[in-house]
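Next up: the structures, one after another.
Same chain, two partners: chain A is paired with chain B first, then with chain C.
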Partner chain A sequence: MEETKKMTRQEKKALKERLKHLKSGKLEKRDASRGYLFMIPWFIGVAVFLAYPLGTSFWYSLNGIRNTPQGLFYTFKQFGNYTNILVRDPDFIVELVDYVTSTILSVPIIVVFALIIAMMLNMKIKGKSFFRLIFFLPVIIVSGPILGMLTEEGAGSISAIDMNAITAAISGVLPRMLAEPISDLFNNMITTLWYSGVQILIFLSGLQKIDKSMYEAAKIDGGSGWECFWKITLPNIKPMILLNVVYTVIFISSNSQNPIIGLIQTSMFSGDQDKGYGYAAAMAWLYSVVVILIVGLFALLLMTRKGAYEKQVKRAKKAKKQEARNRKKIERRNVRNAKRIERQRAQGKITSRTTSREDY
Partner chain B sequence: MKKKILALVLAALMLVSVLAACNKGGSGGGSTTTTVSGEYEEVEINGYKYKKAKDMTTDNITLTIHQFDQKEVYELLAQRFHEIYPNINVVVSYATVGDDYNNALTSMVQNNQAPDVLMYSDCDYALSNGYLLDFSSFWNSDPETQNLADTINDAGLGCFNLEGGQRYAVPFKFFPGIIYIDKNVMKTLNIPMPDQTWTWSEMINIIKQATGHADIDGMKYYGLYPYNRLDSYYGIAARQDIIGEFGFNGQEFDLSEWAIGEQEFSDLKLGGYVCPDRESDANEAWTGDWDTWAGATSHVAVFSEAFWTFQSSWNNPSFKEANPTIDIYPYVVPAVSEADASAGHHSIATLDFGGIGSGTKYPREAYELMKFVSFGIDGWHTRNEIYANEENVNASGTPLKYDVMPVPLTKDETILNEYVNNVYCAGMDDEHKEAWKTYFQSCMQPISFGWTNIAGYNNFLVNYFNNLSIHTLVDNGSAKAADYKDEAKRQADYYHAKAMLDDFGPTSLYKVLNEDEIARYQAVVDAFEKG
Partner chain C sequence: MGTKDKEGFLKLFMVYALLICIGFIYLYPILHMVSVSFMSLDDLLDSSIKWIPSSFNLANYKQAAASMKFWSSLGQSILLAGIPTICNLISCSVIGYGLARFNFRGKGICMGIIILSYVLPSQVTMIPTYVLYSKLGILNSIWAFILPAMVGQGINAPIFILIFWQFFRQIPKVLNEAAKIDGAGYFESFYKVSLPSAKPAFITVALFSFVWYWNEAYLTSLYVHGFTGTGMTSLVIQLQNFTSNYNSYASTSTLSAAPSLNESIKMAGTMLSILPLLLLYFVLQKQFVESIDRAGITGE
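Up next is the complex of A and B:
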């Protein structure tokens, strides 16, 4: 038995050695190099358009910069720009708080609205394609300065809503910090809902992938439309909800209408020597950290149950394996003990008395 | 093997073309002249004899001009400049004023294509990045610079009050301050028209007298429509030693005059003498339409409208046809004291500045181009020719005259007569033409808005004045202007002193302050920071 084990180890070792010196075939090699070749543009793209700008922008954020016709002049400030933003710049903190509040409030509204519209567009109605086009149209309009012009003209709000009454009502109940973003949300309701074009498409594709037989089976069992939505539709499109939430947060955060983007741009072109490129870069970095935190918060809230279930299964499997290993260990120990007793008996160390559990 | 050679050749070609594209165009080693020689030869174009400077390069060069004036006018000016100097090609870069403009300018600088001549919207941005070149040596040796609107030299507009006498900027566009009066409204209300030498208190009286009278035709008359705030006007018209907003005298601020003007304007607003804002419920209640412009109602007597509004709206043929009852007369912004009113006096004006790019290789040629597009006699003759021809239109088809046409900065009589007779007052009756002639004679002592000409002014606005919303607080009666004047002065002096040190001090790009100046500005900064 021991001999066989030794052989296997040797064999394994030899195999490993052989594999080490084994050269891959020409075809395999060519395939691999082609793979790398196709990946090179991506690596170059990431290096040039992502890693380099990120690094440069971080370096900028640690400096005071003057952009002269003779070149860029740097004054190393360590984290001075960050300190100035957080300690001396009241606008940034105020705008940041407004941004966080309004994002947390508007993201659920946009996503729920998109889901409702997607479900309606997924029903059997005449002119379905036309309506899909209508709801996607704002995606083209909301980009660029057109949105700014429409908002200036008052097209972003619902004129039938009495904003003064709503603002007064909200201000009476909530603190100013919360009341203002909520009242702004009502004031820009149309604009907010315009942001949902892409999300509608994503939900629509998710809804169309749901197996219809599930609804049929549910209906045979007497399930209502409401029950079907909660038990079939929603669980099936949960990954889409997370995707849409992340997309919406990123869209709102990088939108040109966002006051923080405006603030960063203004700081970039400020004549104040304490501001400029370095200051704006530091602002952008602080802002991006906040955006990442918001995305993380939503991701934590919307992590699907399926993921948690899979984790539990994995944990159970691990426990089972451990149990099996322990069992084998005990078995091996029993075999060893039995052999030891046999040997001792042969050597006459143990009398003919039948061994009992107490001997051990 | 063939493929490899082909690939190598292609790669080499691409590299060469990329490097060629990166290289900035132009030839020659740049000009070294630092003065204007005053030697010219004549070049006749369209019957006019242009003065072609002899001390310019003969190399074939390209000059770039970055501006936010009228794009079409600059293209025509560049074309004419090229006709005078065939070896100089002018590239016109245009962007709308604001962040887009600065963005475009920054991109040009970063791409090693810094303009040779440029306009700026905020002097702090241009100075802190060292965009402007000191062209005082050209300016001082050029006789034409001595015949400009008085304050350009007297108040040192564009010089940033430096004791060394440097000049970094000059107004490219001049829109004088103006008060318009609707003669028909005055006639209806039986109020006599004032003289051109009127005073501030006369203006306030007219505003008050003209308000009310709803019994005449059921619609209330208002004394004033304020496009520009009256406090900005008052702060300059109050005293002749004031050469900048908020009582700036060249070294420090004094907001006592501003506070009087601000409070008076607030009192007029709260007293109901000022017509409602456009796009407001009050405007809808008054005119029946949310969006109606007060200038088209025939129910406002006095307007502190922009200079360009007359040509773009009131004098526009289509507007005149639709609103025959409106009869607008121009008045210089009145002085506060009678003595100043009867003599010439300072008045606030929209002056957009520019200068020579500090990165230019051809400062002499850039100076000549800058002069041609801003204050030069030859340039203004060309402008008059462009504006007089109504076939020259902007992108929306409007003749350039009715777009945003500035006023000549030069006091050259031939140019002013050309401008008044052939361009501005073309088609007007004698009475109106006379009123405009008198106005143009009285408006030649302009003082610019602060952000164009006072270092640190914009930082003061952003960090203190606008941050506290002082205008809003005083306008709605929740605060008095006088309460802010002392602290505002302290803040304004600090931001100015700090900007002077940052932009011109020992650690700046220019390093032109003398020891006395450094000590003076440093003392202000230290006193402020100590608290």
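Up next is the complex of A and C:
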């Protein structure tokens, strides 16, 4: 009995050893490579509609391009288009600064608003589906021309609130560069809030996935609703916050209400000698760098901020590591000391009594 | 919040009040639009009439519909949104399945490119794509939307790919293994085992893709409608060019009754261009509202 058991254990060990040296099997490899088959359409798409246009667009942006019936005529300008846009173009920089400030202002408003609505809808209230229906409605009608039409007719803001008073109050307090986007924001409050339909639903489904027992445990420990929000709700929906922020930024940037996009299109078809495809391509590149920077900024802001729990875990891990390092240090020193003492004893320099003390 | 004890009355009251107020603010532009669209010229000028017009005046709708060529634009809108949506469904589901089921080399890079292509504004690739389309001779035709959608590069396709990826990941792999043991090939096990269970993802992607294509004005006016307006048109494009459309309609109209453009006619035109989607929304409200929940985007 004893014998067989030992044998099996040895066998097991040998098997484990053998498995360690084994690479993934042929079947597994073939299986994985079939993934390429499914990805073929995507590879074609990336090559034709992403990689090729990206490269060509960059080449365009370095050239002055004249569009004639015979074809496109290139004249190499190096970074001439870029300097023209940044130095001479009267509109682009103004619009870009406007876009950046209004995006950075409105994204937090949209996301926080969406979170508040989602939390209210997550409570035990009647008519939940009716309210969800209302708050999701804008998603299907927010398109550039419709929003343009509505703001043109003054339906984008609430007429009951005196906008002029608010605008005056804001421009009295803040510098002009900030006051303008903020009062713009107030003027288009409704249409800004309309952008938050998808975000509300994302938050709502995130909130519903939080384990209810956590709140119960917190309540037993005497946590208030406020504390529960900061220590349970927020850390749990953090990935959704990032998701929503990125979604909002992209949505605002690709909305055809955005004047920069319009500017790019008009300069693309402009009859002006200096403008045309190359100029528009350079604009598009500058614009996308700015968009990516904004997304990166928000991502950085949201990713570095750790929850209280995570912080504690990190601190504990750090302390543990430090402790381990110290222990190792002591061990090493002990070994070193022992060796030295051994050596010294061999040379007959010290008596055994002192070693014992030093060893300790 | 999630506990069993009841919320306080005052708190509940506050929540209802807030929700109703914000709900009203949310609906305000739509209500305003509906009310103005029915007003006659006299009602518009009468400052005592704010919300309810003195009579339901359908003439605005008639004028707006005639100037937008409503029925033909509606048909083209449905084609322009529907066909690329079908292409999106096919291509994104295949790509999402490939990403979810197989651990091929370079998968991480592929995911990175998908996310990058979502963040990158379409304006960067727009100009060479425009030149490419004009070389291929598909500019100002629906093919300019179909071709990219067929290879997973349509409007917002990265989102759809990620939705399918997320969904196929949740379906147990054992099902595919069982199918394989029963002698199914890779594609057979894809469309006979995985596809039928991915119905919620299909509904979500179909709805969003349809709505987004329907509402797309910028790329439609560039690729499909054309700079000179020779290509196909959609209701949203017609609305974008509403003023010029209406003026040319009013000047050529055989009816001498076409009035000059006013607010009511504009609002009637806006209403007409969102009406089909509104109807779709109220018919499929449940699918829309629960779509994000069911697609498991937040599953992380």
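As a convention for this text, the second predicted complex is superposed on the first by the 270 of 360 C-alpha atoms of A that agree within 3 Å, B and C clash if a C-alpha of one lies under 4 Å from a C-alpha of the other, contacts with A are read in each partner's own complex, and residues count from 1 in each chain.
Simple rule for what comes next: contacts are C-beta pairs under 8 Å (C-beta built on N, C-alpha and C of every residue); 3 or more make two chains touch, one makes a residue touch a chain.
Since this is a predicted model, take the numbers as computed values, not measurements.
Peer 1: Given the superposition on chain A, are chain B and chain C in a clash or a fit?
Peer 2: Clash: chain B and chain C overlap once superposed on chain A.
Peer 1: Have a look at where A:134 lands relative to chain B and chain C in the superposition and call it first, second, both or neither.
Peer 2: The answer is second: A:134 touches chain C but not chain B.
Peer 1: Kindly classify A:150 by the partners it touches after superposition: chain B alone (first), chain C alone (second), both, or neither?
Peer 2: Touch status of A:150: second partner only.
Peer 1: Please indicate which partner A:334 is in contact with in the superposed arrangement: first for chain B, second for chain C, both, or neither.
Peer 2: Neither partner.
Peer 1: With the two complexes superposed on chain A, say which partner A:34 touches: chain B (first), chain C (second), both, or neither.
Peer 2: After superposing on A, A:34 lies in contact with chain C but is clear of chain B.
Peer 1: Regarding the shared-chain residue A:265, is it in contact with chain B (first), chain C (second), both, or neither?
Peer 2: both
Peer 1: Have a look at where A:326 lands relative to chain B and chain C in the superposition and call it first, second, both or neither.
Peer 2: neither
Peer 1: Where does A:224 make contact in the superposed view: on chain B (first), on chain C (second), on both, or on neither?
Peer 2: neither
Peer 1: Quick one: classify A:73 as touching chain B (first), chain C (second), both or neither.
Peer 2: first
Peer 1: Which of the two partners, first being chain B and second being chain C, lies in contact with A:273: first, second, both, or neither?
Peer 2: Touch partner of A:273: chain B, not chain C.
Peer 1: Between chain B and chain C, which makes contact with more of the residues in chain A?
Peer 2: Result: the larger residue contact count on chain A belongs to C.
Peer 1: What part of chain A is shared between its chain B contacts and its chain C contacts?
Peer 2: On chain A, the overlap between the chain B and chain C contacts is residues 72, 265, 269.
Peer 1: Within the complex, which stretch of chain A touches chain C?
Peer 2: Interface residues on chain A, with respect to chain C: 31-39, 41-42, 44-46, 48-50, 52-54, 56-57, 60, 72, 117, 120-125, 129, 131-146, 148-150, 152-153, 155-156, 158, 189-191, 193-194, 198, 201-202, 204-206, 208-210, 212, 215-216, 219, 225, 228, 233, 239-240, 243, 246, 250, 253-254, 256, 261, 264-265, 268-269, 277, 280-281, 283-285, 287-288, 291-292, 295.
Peer 1: Would you pull the chain B residues touching chain A in the complex into a rising list?
Peer 2: Per the stated touch rule, the residues are 99, 102-103, 106, 109-110, 114, 122-131, 357-359, 458-459, 462-463, 467, 499, 502-503, 509.
Peer 1: For the complex, which residues does chain C have touching chain A?
Peer 2: Interface residues on the chain C side: 1-3, 7, 12, 15-16, 18-19, 22-23, 25-30, 32-33, 36, 91, 94-95, 97-99, 101-105, 107, 110, 113, 117-132, 148, 150-153, 161, 186, 190, 211, 214-218, 222, 227, 236-237, 239-240, 242, 263, 266-267, 269-270, 273-274, 277-278, 280-281, 285, 288-289, 291-293, 297-298, 300.
Peer 1: Which residues of chain A touch chain B once you look at their complex with the stated criterion?
Peer 2: 66-70, 72-73, 90, 265-266, 269-273, 276
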